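In structure tokens below, several structures.
Presented sequentially are two complexes of chain A, the first with chain B as partner and the second with chain C.
Presenting the complex of A and B:
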């Protein structure tokens, strides 16, 4: 049979932004998938070299616009490491709470988008959006803005959690918990959903490790690796946290791991609220710190909702000399060819949805 | 019956009151056009509202009460947009494809009687003729899609033809079972035979097969592989400009009308209603068609899209054997 080459994207309903795929198909079977990226390149790494340290978080958090808080935290943690600042204990708890809330919001979006890619008429997508909005409202209460927070400061946060936040958050999390069970019963009793996810887009453990993918796709391939556990930061050591691992390596595992992580995050937030000490969580004001970088080169690793982000920063007096970001999505995208080769063209999009790509993060 | 099929056209032409027939048919066509245009319009609005409800949205609210005129506004917008000429397209076929499809859909609607008195012709092979015209649809669809010269439209056309060909067989087998029950292919007879019990009660298996087959025939969810928006952008409509796109949307709803009226006639007693309520037969038929249409919309709001290989496997390994079993059961219980 002849091999047809079709071009998908960069403007296409389910390429999660501006991903362009050049796909070789033989009949209905995929021979090769070649991602072409760079349509959303904003030069954040280069831009960072021209800004002062605490002017950069607004740029880094726009990399992953579905989970901005995580990038905010990853960058500020790199600066903290470079300047040798310790984070206050209450601030550590608050950060964990906010990051886990952000993870819940991001995963809800990811599940909805994946169902949308499988041809579900936006219903689960809109459900995910509605529930995500409840979490975003919590984050808005805590930080003052709904989407791009810029809430981290050196050694702490811009503002402590508002009074009454804990009760409201716990109540909302109970609701999310119930909704997650609804999602599970709706999706996993749906034979078409199960059929289109089970055994599709398999990425075996060895390939997953060799490709260097991280985050939920890696854990769905049976590798017990989570930065929160293997290289713990903040108070993750004190909380009872264990990474979620599944071994079936297919689209279903990648969906299921998101559901499991949402449940685990809800549990983590509840526990963090219980253990959180009283005290001060405020960070240093932006301009009061004169930057005398003790550690010239720092490498900070954080578990983002989509995988491991590494901030590699060479510090300088006023601003970073060089900032290099290991984007989890960029590496995970490389696995798309391996996952979808030999599969059907219709499953390419489901597989892409299961990877939960954000193109802003891929292109940086 | 063979003679009648052979003499259909000659007898129509040789009829003494040909002129009256033609005038009557034209008037009837206008009435039917008004009915099914209104149905399509309300269906389009209902679809937006119901799906919005399922997704915690409001749907259209601005234009008119409850946004009832939103589709009209959309239509005006679509008609006022530019028509793009494609380099790769076979211009004549590309222009003719969608209008021909609409014509075929309207022709099937025209052949379906809407009440004991409202009908264009009363043929002894009426339901077969409807299915003959439905069988033309994949060919016309393939022409419309393939002539645009777009690869996505090409894939969409191939999928569409595969689905339509394989789902016609179980449907025709169910029609055969219905003909056993009604002792003929005349649509009036089919409805008349349902007066104590609807065929939905006598033949539940046939109802399920026919409904699934009809969903596939209309290519609604979960069989919407022709217009798989998350895979094929817009499938066969990828390169179609706005006025033709409006026509294609109208085609979809016209076919929903065709499908739901057909289902109502074949399984839910057509224009028969409860005898104590004196309402015209047309009312009951449209009501039943609406309920079936709303059920199709519910499925659209919840179902995932099936994959083409699975759709075909399901058709050939479940629906075809089941429809044969249905035929045998019907024969054993009701005929022998």
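Presenting the complex of A and C:
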């Protein structure tokens, strides 16, 4: 049979922003998927070279605009490592709480967008956004902004958690815990959802490791790797949690991992609230003359909602000489070809939705 | 840019005459040409003041936005369409995936140089009258990426913009306010 080449995107309702795919199909079967990226490239790494250390978080936050807090934290942690600043103990707990809340919001978005991609299952999209708004409201209470927080400072935070935050957060998390069970019962009894996810887009363990993918897609392929556990930072050592691992490595596993991680994050936040000490959580002011960091090279690795981010930074006076970002989405996108090869063209978007890509992070 | 359909007695009378001729011809030859007749009918309604108001009223209350997001602001755009804000109550029905059915293009996010031809093409595919809302700092003026080498400093350098929304990103409520402003503009209540 002849091979047809079709173009999808860059503006397409199911490509999560502006991703262009050139797909070779033989009849209905995918032979090759070639992603064309760069439609959102704006040169964050180059811009960072002309900014002072604490002017950069607003730029790194806009890399992954579904989970900005995590990138904020990853960058500030790199600066802390370069300057040799220790984070205050209460600030560590507050950071863990905020990061896990961000992870919940991001995964809710991921599930909603995935269901939107696979044949307009709009109900779950609406549910996901409604529940995500509740978590965003909590983050807004804590940081003062709805989407881009810029809440991390060297050694702490801009502001401590507001009074009464704990009770409100626990109440809202109980609600989300209940809702997650509803999601599960709704989706896993839905024959359309199950037919489009079970056994579709399989990525076996060896291929997952060879491609270097991280985060939920890797754990759904049966690899027990989580930076929070393998290379712990902040107070993740003291908290009790286990990385979620599934072995079926299909779209369903990648969806199920997100559900399980939301539950685990809720547990983590509850425990962090219980163990959180009293005290000071404020960081240093922005306009601080830092010590000379010339030629100091740091490499900081963080577990973002979508995978492992590595910040590689070479210091200069008051600003980075070079900032290099290993974006998890860019590397996860490489797995799309492997996953969808041999499958149907109609399942391409279900597979892509399960990868949960953010194009701003891919293009940088 | 809003099209102005001014009352023109002569134009309406001419269109009516032509439509009557078409109807008589179709009665004679037993061959109906519905498209030509409807075209004449729409010209009559365009030229009549009361019908003009009707068209404007219906246009104002059913502006269909395009499902088209670029970057961060697209997340807030999705939130705008979801349950909490419920954009449908003011006539922004569904987000349509094809530009041919849309009235409003909401440019949400930064515009890179490689994206400009695609956006222009989408705009040209939209049916007239068409409106553009620049949503967020990046689409308004380049925003934080002002110094970047790959960014267009505002979509208004490429296409005509009707309403600008400030914020990084603006809240969904803010977009709602902007679109209500656009409705006022389309309805002719404010100059712009």
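For the reader, a short list of remarks on this structure follows.
In this text, the second predicted complex is superposed on the first by the 359 of 364 C-alpha atoms of A that agree within 3 Å, B and C clash if a C-alpha of one lies under 4 Å from a C-alpha of the other, contacts with A are read in each partner's own complex, and residues count from 1 in each chain.
Going forward, contacts are C-beta pairs under 8 Å (C-beta built on N, C-alpha and C of every residue); 3 or more make two chains touch, one makes a residue touch a chain.
All values reported here derive from a predicted model rather than from experimental measurement.
Contact with chain B, but none with chain C, is seen for A:190 once the two complexes are overlaid on the shared chain. Applying the stated contact rule after C-alpha superposition, one finds that A:28 touches chain B and leaves chain C untouched. With both structures placed on the common chain, the touch criterion links A:13 to chain B and to chain C. Contacts of A:4 after superposition on the shared chain: chain B is touched, whereas chain C is not.
In the superposition on chain A, contact of A:58 is made with chain C only, not with chain B. Contacts of A:115 after superposition: chain B is touched, whereas chain C is not reached.
Of the two partner chains placed around the shared chain by superposition, chain B is the only one that A:123 touches, whereas chain C remains out of contact.
The intersection of chain A residues touching chain B with those touching chain C, taken from the two complexes, comprises 12-13, 125-127, 130. Listed in rising order, the residues of chain A touching chain C in the complex are 10-13, 17-18, 38-43, 46-47, 50, 58-59, 62, 65-66, 109, 125-127, 129-130, 133, 146-148, 359-360.
Interface of chain A with chain B (complex): residues 4, 6, 12-14, 28, 115-123, 125-127, 130, 190, 192-193, 195-196, 344-349. Chain C meets chain A in the complex at residues 67-72, 74-76, 78-79, 82-84, 97, 109-110, 112, 114-115, 118, 122, 144-145, 147-151, 168-169, 171.
On the chain B side of its complex with chain A, the touching residues are 51, 54-57, 151-152, 155, 221-222, 224-225, 228-231, 233, 300-310.
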